[in-house]
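See the structures that follow.
You will see chain A twice below: alongside chain B first, and alongside chain C after that.
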Partner chain A sequence: MTASVMAASRNPLAALWWVPRGVVFGLMAFFIFGPLFNMLLWTVAEKWYFPYSLPLEYGFGSWAKVFAPRGGAVESLTNSLVVALLTVVVSLALAIPAGYALARLKLPLRGLILLAFLIPQAFPNLTVYVNVARIFYEIGLNGTIPGVVLVHVSHGLVYAVWIATAAFSAIDVELEQAARNIGAGAMRTFLDVTLPLAAPGLMASAIFVFLESLDEFTGSYFVGAPDVNMLPLLLYTAGAGGNYQIASITALLLLVPSILFMLIVERFLKADVLSRVGH
Partner chain B sequence: MPQRLLGLPLVLPALAVIAFLFILPLILSAVGAFQVEGAFGWGNFTKAFDLYSKDIVFTVVIITLSTVLIGIASIAIGGYLTLGEHPVAVAILRWLYRWPMFIPFIVVGQILRTFLAKNGMMNNAFINLGLLTPIDAQSFLDWRGIVIAFVWKQTPFVALLVAGAMASVNRDTIEAARNLGASRLRVLIEILVPQVAMTLTVGLILSFVTMMSVLSVPLMINAQTPTMITADIAFRVNSYGDYGVANALGIISLVLASSVAWIYLRASLKERA
Partner chain C sequence: MERDGFLELRGIASRYGSNEVLSDIDLSIAKGEFVALLGSSGCGKTTLLRLLAGFISPSAGQVKVRHRDVTHLPPDKRGMALVFQSYALWPHMTVAQNIGYGLKLKGVSRAGIASRVAAMQSLLGLEGLELRKPAALSGGQRQRVALGRALAIDPEILLLDEPLSNLDARIRLTVRHELRALQKRLGITAIHVTHDREEAMVMADRIVILNGGKIAQAGTPEEVYNRPASAFVAAFMGAENVLSLNGAPEGGEFAIEAGPASAAGSVPLAGRPLTAGPVEARFRPEAARLFAESEVAVIGPGITFKGEVAAVSYPGGHWRHVVRLGQAEVMADAGHAFEPGTRVAVHVPAESLFLFNSPSAAPASTVSRAPTGRVYA
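Right, the complex of A and B next:
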């Protein structure tokens, strides 16, 4: 800061650089925040039609409609939260033992195993969900909450396992050895020493999985709809029906957790864990 | 149990989920693509190419164009974050560029649909600023809308990776080049970009595959023809229950995505050799 002020006083022309900077940053801000601001306007627009560039009347009428018992939002929100929480529980139950083994134990083909969890992210998954829906239909899982949870788990597992592995390998082995030396069993050491130390990293992986599940559209579209209504599906049907108020309110509900996470992710995901992801 | 096998039972349940919920359906889709009324054949692929060859080309062009634009934008952002000399300007950019990263695709589709429409906020802002007359205003909700949505959403992710890699490039080389009179643009193109090429490629390939499988953006921004393969797959399944052609289209998109990954693998092997 001070260096730049000094530079500016040395060279008065340097201030002129703020003109192109201002234009570029201004355009960027317009294209990044414009659509978001537009969405916020839609959530409180009572009346808004062509050719007016701003809403004619503001109000929270659409909010009342969305959260009315038959508005569908309460049901979708509940379903989305239940599915997301169950997805986190199942993913972590699978990822904590797997991550510990990948970080601490000798495993044959360790690199390949780590890579296997990336497969659902590395292939176009639409055709897979179509076929999962067919299999689930045969065994009665289609259109049920457990069915949707299973699809979300397969997709979120890469975050859960990779971050859990990184979190466990960032822990100093000597701390575990010290606990073992003073007589703690393997399980006790894991529960009292390893797990609490890995908690911030595991928390980060839980948030990743939660968001991944909350925002997931394609799998929910094929496996859940129309029996299990979720927020992204509500957003899609409202938008397709031209009801931009309800679509924008749903979009806002989906956005808030994502933005919050962006602001706090660095608190959970420390550099020592981050640098080990995928290794 | 021998020590090296102790870890396996801990990993197996997680691997089983991937095997049964991803790899098995993937195999089923490959088998289904070649099945025509109980017999094996190329029928689904002929039908897929007859009906959707235009959409396949459209998909390849859109995603390639988006990937190129994402690459250019993330190099520009990463480059400015690394070489920018004014700390305030760098801080503003660092704060600004990340916002779209965690916004879900379905929300991106919805907010850009209202933003880019003929009477959407973008045109309105330009008209109010006097840069555009109402008659010249046009809707961007076609192929351009899809490209804008992809670039909007994916650039921060690639830029984050690229900026991270650029930050770890040895500063001495950059300073030396600057002292010898090289412009910042030249340092970016001739020193920084070659050194982060691998990270850039990985980020772009991940983006490419992600864009190949996004259904919500084409459905919400441009559902008329020509559209993207993903929208066609959903249409085949939902309207006709035609899993054969849907699977064939799925395999086509899989081949497209893996060919990109193959180019990367060849390049990385060549680099190591």
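Right, the complex of A and C next:
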């Protein structure tokens, strides 16, 4: 208090410092929470048109429509969850051995190998997935769940492998040696010591992969549609058709797992693992 | 005790790239023996221990237990339990799970594990801590859990990698004796790596001093302390005063010529392979006796130097003097203080004067002089 009073006596304008600060924070809050609030309103709006700044009628009519058998939401939600879970399983099955090898073995070109997992992200998605779709079409993978899972795995593997590598390097080798020394074989050591200690990091990488898969649009569109419809696709169709209620409800469905998982990640990912990502 | 062949190392060598970490290690350890591997950092002592545990393969040589070659067995098939310097306790397991893990691997029944873990806890004073995680233990307790985990599997050979170095100085002194008493009671063969001379002296039946990846000397604490085989060992064991003298063997004696600061004298050779020429003389500050120059020192065989007190301090128990002998300076202890500037005579008895032919002097200079007489490197 005294400091601000003194500052004010020196410079009368300093007393008004809260004005720009208030404006900046207000704008930030508006840009973050405004759209979210707008979306929430849309999910319960029955009637809402132009000159009115708030809905005219509230209700859960759109929810019934979305979850009706013909609404397609249940199918998309199931598809999205199945694909996301399978993507997590496949990614971890690849990332656990790869991450362990990258963390423990003295591999030549280790940095290059880690970088290679970034390649799917390095090129414009559209070009890549159009061609993937063409190839998948030839081998009969187009429009199938395994096809979409494969595309999502190629996309999510960078998170899975990088975080798994970091999680394994954060474990002191002596902890494994202690188990070997006391009579545990290599596999037993991995299962009893390494894996439980790496679990929080692996959990976090699983969550990242899950969220990536849930959100992914381009690949799902080119490889999945129209046989395998996913949640983002439903959102796109509804949004493009001007059906904001359905678009908002779909967006909310996508948002809930994201927020839940971000909270879990924040709990599980410790600084010692994070500091090793990409090293 | 089967003196030969319980644990045998034959011609062990280990290299890291082009760097030879260990070479020509020959050692035979009896069952129930407590051997200390002593040396400064980088001497290869930890490498040797890890090689025994099976984490490193030797580039040459053999490790045998009861005449069975174990050189290339994986770590889990060796029956040697290692206590790590970092303790390496598994943070996701409780104290009881840490101690019982080795038994679980052996397929011991749940009740069997519980009773063995309880026995270990009472042996090591860990009662009531079985459900704690390592993070909730003090340093001393962690050290005990690490020891308990190693002892629970009833190992034939216990390997200790500086397990006391992370403890408080006061706890360390009691743990030394506890550890030694435990080892004797259980009759386990123990190999203890340390850089602490006193720790090795107090705990071990036999001390193996390593220098530059080779065994510099192996013997009982009394042998390495009183009959160092080389200038390096003498310096490492605290004989930090060094002077150069000239002399030649005469019959059973080694006759030392008078020098600028010393009178002529002679000491028994006692089987030492000394040849005529310059020799390096080493002795401990506490072995020297200090007199005022005017006093007539008529004492047994040995050598007397004359010089001037440069400084005096009281480290406890006795007064420590820095005495200038011509160009050189030595440290000598006495029961009472001599003022700086006093002319004094320093007498070193024959049995405390270590003589080495000068060419071997080179490695000795790598040992730094520590005022307490202990060498930490």
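Heads up, the rule we're going with is that the second predicted complex is superposed on the first by the 261 of 279 C-alpha atoms of A that agree within 3 Å, B and C clash if a C-alpha of one lies under 4 Å from a C-alpha of the other, contacts with A are read in each partner's own complex, and residues count from 1 in each chain.
To be clear about the criterion, contacts are C-beta pairs under 8 Å (C-beta built on N, C-alpha and C of every residue); 3 or more make two chains touch, one makes a residue touch a chain.
This one's a predicted model, so the numbers in the text were calculated from it and none came from an experiment.
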Here chain A is shared; do chain B and chain C fit on it together or clash?
fit
Is A:P97 in contact with chain B, with chain C, with both, or with neither (first, second, both, neither)?
first
Kindly classify A:R180 by the partners it touches after superposition: chain B alone (first), chain C alone (second), both, or neither?
second
Determine, under the contact definition given at the top, whether A:P120 touches first (chain B), second (chain C), both, or neither.
first
Could you tell me if A:Y221 is touching chain B, chain C, both of them or neither one (first, second, both, neither)?
first
Taking the superposition as given, does A:D172 touch the first partner, chain B, the second, chain C, both, or neither?
second
For A:G34, decide between first (touching chain B), second (touching chain C), both and neither.
first
Mind checking the angle chain B, chain A, chain C on Cα centres after superposing, to the nearest 10 degrees?
100
Could you look at A:A84 and tell me whether it touches chain B, chain C, both or neither (first, second, both, neither)?
neither
Is chain A touched at more residues by chain B or by chain C?
B
Looking at A:A247, would you say it contacts chain B, chain C, both, or neither? Reply first, second, both or neither.
first
In whole Å, what is the nearest CA distance you get between chain B and chain C after the fit?
12
With the touch criterion stated at the top, can you tell me which chain A residues are shared between the chain B interface and the chain C interface?
none
Residues of chain A defined as touching chain B within the complex
1, 3-4, 17, 21, 25, 28-39, 41-42, 50-51, 53, 94-95, 97-98, 100-102, 105-108, 113, 116-117, 119-132, 134-135, 150-151, 153-154, 157, 161, 211, 214-215, 217-218, 221-222, 232, 235-236, 239-240, 244, 247-248, 251, 254-255, 258-259, 261-262
List of chain B residues in touch with chain A within their complex:
3-8, 10-11, 13-15, 17-18, 21-26, 28-29, 32, 86-89, 92-93, 96-107, 109-115, 119-122, 124-125, 127-128, 134, 152, 206, 209-210, 212-216, 219-220, 230, 233-234, 237, 243, 246-247, 249-251, 253-254, 257, 261
The chain C residues in contact with chain A across the complex are 53-55, 74-76, 80-82, 84, 86, 88-92, 101-102, 105-106, 149-150, 153
For the complex, which residues does chain A have touching chain C?
172, 174-175, 177-186, 188, 192-193, 196-197
